[in-house]
Amino acid sequence: MSDLSVSIGKLMLKNPIMPASGTFGAELTPLLDINRLGALVPKSVTVSARDGNPSPRVCETSASMINSIGIQSKGIDDYVTRLLPEYRKFSPPLIASISGETIQEYETLAARLDAQPDVAALELNISCPNLRTNGQAFGMSAEATAQLVRTVRAVTDKTVIVKLTPNVTRIQDIAQAAEHAGADALTVANTFLAMAIDSETRKPRIGNLMGGLSGAAVKPLVVRLIYQVHQATRLPIIGSGGVMNGQDAIEMILAGASAVQVGTATFLQPNAMTTIIDDIDDYLNRHQIEHLTDLIGQVDLS
Amino acid sequence: MSDLSVSIGKLMLKNPIMPASGTFGAELTPLLDINRLGALVPKSVTVSARDGNPSPRVCETSASMINSIGIQSKGIDDYVTRLLPEYRKFSPPLIASISGETIQEYETLAARLDAQPDVAALELNISCPNLRTNGQAFGMSAEATAQLVRTVRAVTDKTVIVKLTPNVTRIQDIAQAAEHAGADALTVANTFLAMAIDSETRKPRIGNLMGGLSGAAVKPLVVRLIYQVHQATRLPIIGSGGVMNGQDAIEMILAGASAVQVGTATFLQPNAMTTIIDDIDDYLNRHQIEHLTDLIGQVDLS
Amino acid sequence: MKLFNAKIIANHPINARYWHMILDASMLDEHVAPGQFFHLQCGDAQQNPLRRPLSVFHYHQASATLEFLYLVKGIGTQQMTQRRPGDYMNLIGPLGRGFTLPEQGALLLIARGVGVATLHALAREARAQNKTVYVLLSARTANDLLTAGALEEIGAVVHTVTDQEGTSDLEQVRPLLEQLIHAEKIGALYSCGSRRLSKLAQDLAEKYHLKGELAIEAHMACGIGDCYACACTIRSQGQLKTARVCSDGPVFPIEQVVIQ
Amino acid sequence: MKLFNAKIIANHPINARYWHMILDASMLDEHVAPGQFFHLQCGDAQQNPLRRPLSVFHYHQASATLEFLYLVKGIGTQQMTQRRPGDYMNLIGPLGRGFTLPEQGALLLIARGVGVATLHALAREARAQNKTVYVLLSARTANDLLTAGALEEIGAVVHTVTDQEGTSDLEQVRPLLEQLIHAEKIGALYSCGSRRLSKLAQDLAEKYHLKGELAIEAHMACGIGDCYACACTIRSQGQLKTARVCSDGPVFPIEQVVIQ
């Protein structure tokens, strides 16, 4: 048994594998040993209840899927009074993903969750392509990102993870803005703005026209983004996008990720995350690597 | 037989299907009826001969490939004296893709090719992720794009097509910059900057570390980009990225493309382009559409 | 709910568009209610990451067989037709909330197309409990009137209408159903597979104060209630709410369904 | 050069890592030279868009059979092992420039691992023209010494060395080869499959002023000379130039190859 533990800000995770927000819930209990995960990340929460987007909300594309759930949320009250207590039965630390339409909403959410001992860290979803028109997001501007992170930083001492959008010209700039504004870690990245049309009906295959692309198809883009961010900042990175197996997770770690989120793969195989943990363990044993941390960023450029 | 013809600037193409630069050459002659294509686009040419990038120059990823050929070019002299005459045996109009490291180089190339009657139009490759460090390209800046296009516009009356990069926050801005600077059409888009690492050897799977992602996996991203550009400009759009069959081509046309380039699919099936033309013809007949142009941008948003 | 591999016993076309698959479900140790569904991995999981939901067509606990009736629609169901006896299917299930039988009275099932796959299991269950079952089967052509024979065999009374014969329009179906409601002791209405027929069933249930249930469809990702891909709008206590088809449904009380 | 489907006649493992495939190539109406290759679609084309290049292991015009010997390496060759007799493979070929025989003298073939697949066809061609053929076969283990028997059968003189026995290092192979060059009338050297051995062959060719050819490998996209994916550096008339392995090669004059 190798040492799979990694640290993300003040958090020490027993292994690097955690769910991607929006693809995970307690309903997985019968199908997955949730307590084996490095951390838990429930669906992004908003201040008030929201209904989400028109259907269809998902469609399948080559080695990928598009989703436009929107932030279907019961609001922060329900999160605090119902969801957090429900998650107490699980042992891994809980990372609360928060999403807002204004910086004030992020502040409200962060302040509220800062008071919750059940929340180990915050992930700021500043990158959801499904909230505003045409996929716009805070994370597309370095200034907006900096301002948002500073505001949140001021109201919480918990580990703040900023989930970046991949839909930018230079992710390095946004990453550095988040770093200077006080982020503890970065998730790289949210989904890629995408669209599909049914040629027979001529209708968009997503009710909301556009949505976010995830799954194996995006992995080469995400590995590049992780590498770029790792070169540009010192923050620990949580890779997210297209991890289907242990090899994919190792690839992201070599590119610079300290931990890895798994989303679409869980739809395919509900126990994908524990399989991936086993794969990583095998890999470390096979390569006689004692600590997973020895692999982070160790792509061989010789 | 429906009418498949479309116009791109001053060019009238007998059908919308043409090769993507860098994936096509006269060597296809035994395998493909080249004269059936709407236009021909040879590999991007540079002012001087260039050697291209270290190997491996291609690798396979999920429903996609990464390439980092670099611009392997014999230079403009060879292009004019050897390549253009060789292409005279083919009937479709030739679109010359040009690539430079400075705006002056684009100017030189455009001026030189403007004098060549064998060249029907120019495609400005301002978006190659394989030329400069870390995938930087002119096409990432609206100002650089405008300046480059204005400079080229000043030296040629031929149809000028600007090939945009997808690796930007707002492709609409770059598209509008190109439009205002005098472009006649836009190719949407070049490849997506990507990276892959072999988890066993820990080495990058591309000799040059990063390269451009193409193939089916990128189609949902490109359809979105085409739609965005179509909303933002009046220029005809040539879709490029992930077209494997006739349905894919129709999808891009519904999103706003007037014509469609085919690259990776040709590696898979050397005659993919003529199959796609047949598929489009079938589609129009089946849906009783007389003119392909009636489909452009006709995604049904009702 | 369970994740398991089930060996294919048979996989045959029924007609040009529909196939029938029988699985060895001896791995299953739960009750499977009519109206529940399974979430199937149909083919190349890398290329096609989403599972496909299919209703239980028939589950026979004694022989541990699980059957699906499926319409060959797109890539997923096409890949299913390639699977041979002896191959394994990867399934999650049983999932969702199934139908409930009326306390008393007969059942009136209103199905169109492959909707009958879902209602078939209900007919069987009701017949097993000795309830009277009337079925209105609607389809494009006589050929697409699936399982009419099988339903008659288990003792359901089957009425068929088709587009081909021009008998399937609402103007003709409505009086037929009203006549059944008047003449027979119908305790509940059930519908699946057609928006028009579901709307009609909803009208009739309201008009005649009958219990009713609709099985509805939505594109799904997780299938178990985690992702909200399958959201639909539900009318509950006078308010519009969002529900998940996969876990709050796919069967809903007929008065709750907002039919678009 | 042609794009065609060829029916699989046989597809067998030779040992734990190598497989042998025989195709019905009656579609082929061209000469196939040893050293030429085919570009094969190995599996799911959507998921795996790149073809794989494989050298002709044997092409028998009379029986119209085309054979490949392949190492099961990654996803493409794994998918090849799944193909059954009766299935079709989609091929482009024959492609590239093959080997040329020496005007006079014997051939000395230096192969390691699956490199022998490429040199095997050359040995056959040379034997058919009644040339003397010496083969040095190097491999990890005795088990990986492919086709040594087949080569002997056609009358080649085969020397084998393996890592397992500790006989494959350059210090032992070099004297063996030099002795052959001294003792026999070697007219040309050919090598494939190992950088170390190719370098050695290059040295020997230079030292003994022998004609020589190397078959080299590169990752390919088009396979026909259009895309420059397969570029390699070639020394020609004192200058370094870029050449395409697929169309300028894969066989190059030994003195031209720049071995990294």
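The first chain written gets the first letter, and so on, giving A, B, C and D; residue counts start at 1 in each chain.
FYI, a contact is a pair of C-beta atoms (placed from the backbone, for glycine too) under 8 Å apart; a residue touches a chain by one contact, two chains touch by 3 or more.
From a predicted model like this one, the values you see are computed outputs, not experimental measurements.
Trainee: For the pairs B-D and C-D, output the one whose chains share more C-beta pairs in contact.
Mentor: B-D
Trainee: Using mean Cα positions as chain centres, tell me which chain lies farthest from subunit D.
Mentor: C
Trainee: Taking each chain's centre as the mean of its CA atoms, how far is subunit A from subunit B in angstrom?
Mentor: Each chain reduced to its C-alpha mean, subunit A and subunit B end up 33 Å apart.
Trainee: Taking the mean of the CA coordinates per chain, how far is subunit B from subunit C in Å?
Mentor: 48
Trainee: Return the distance between the CA-based centres of subunit B and subunit D, expressed in whole Å.
Mentor: Once rounded, the distance between the two centres reads 36 Å.
Trainee: Please report how many Å separate the Cα centroid of subunit C from that of subunit D, as a whole number.
Mentor: 58
Trainee: Multi-chain contacts only, two chains or more: what residues does subunit C have there?
Mentor: Expected reply: 46-47.
Trainee: Can you pull out the residues of subunit B that are in contact with at least two other chains?
Mentor: 62-64, 216 - these are the residues of subunit B that touch more than one other chain.
Trainee: Flag every residue of subunit A that touches subunit C in the complex, lowest number first.
Mentor: 22-25, 27-28, 30-31, 43, 51-52, 55-60, 62-65, 67, 69, 72, 215-216, 244, 264-271
Trainee: Could you list, by residue number, the parts of subunit A that touch subunit B in their complex?
Mentor: Touching subunit B: residues 61-64, 66, 134-135, 140, 167-170, 192-197, 199, 201-204, 209-210, 213, 216-221, 223-224, 227-228, 242, 247, 250-251, 254-255, 283, 298-301 of subunit A.
Trainee: Which subunit D residues qualify as touching subunit B in the complex?
Mentor: By the definition above, subunit D touches subunit B via 1-3, 41, 45-51, 75, 90, 92, 218-232, 242, 247.
Trainee: With touch defined as at the start, can you tell me which subunit C residues reach subunit D in the complex?
Mentor: Result: residues 44, 46-47 of subunit C touch subunit D.
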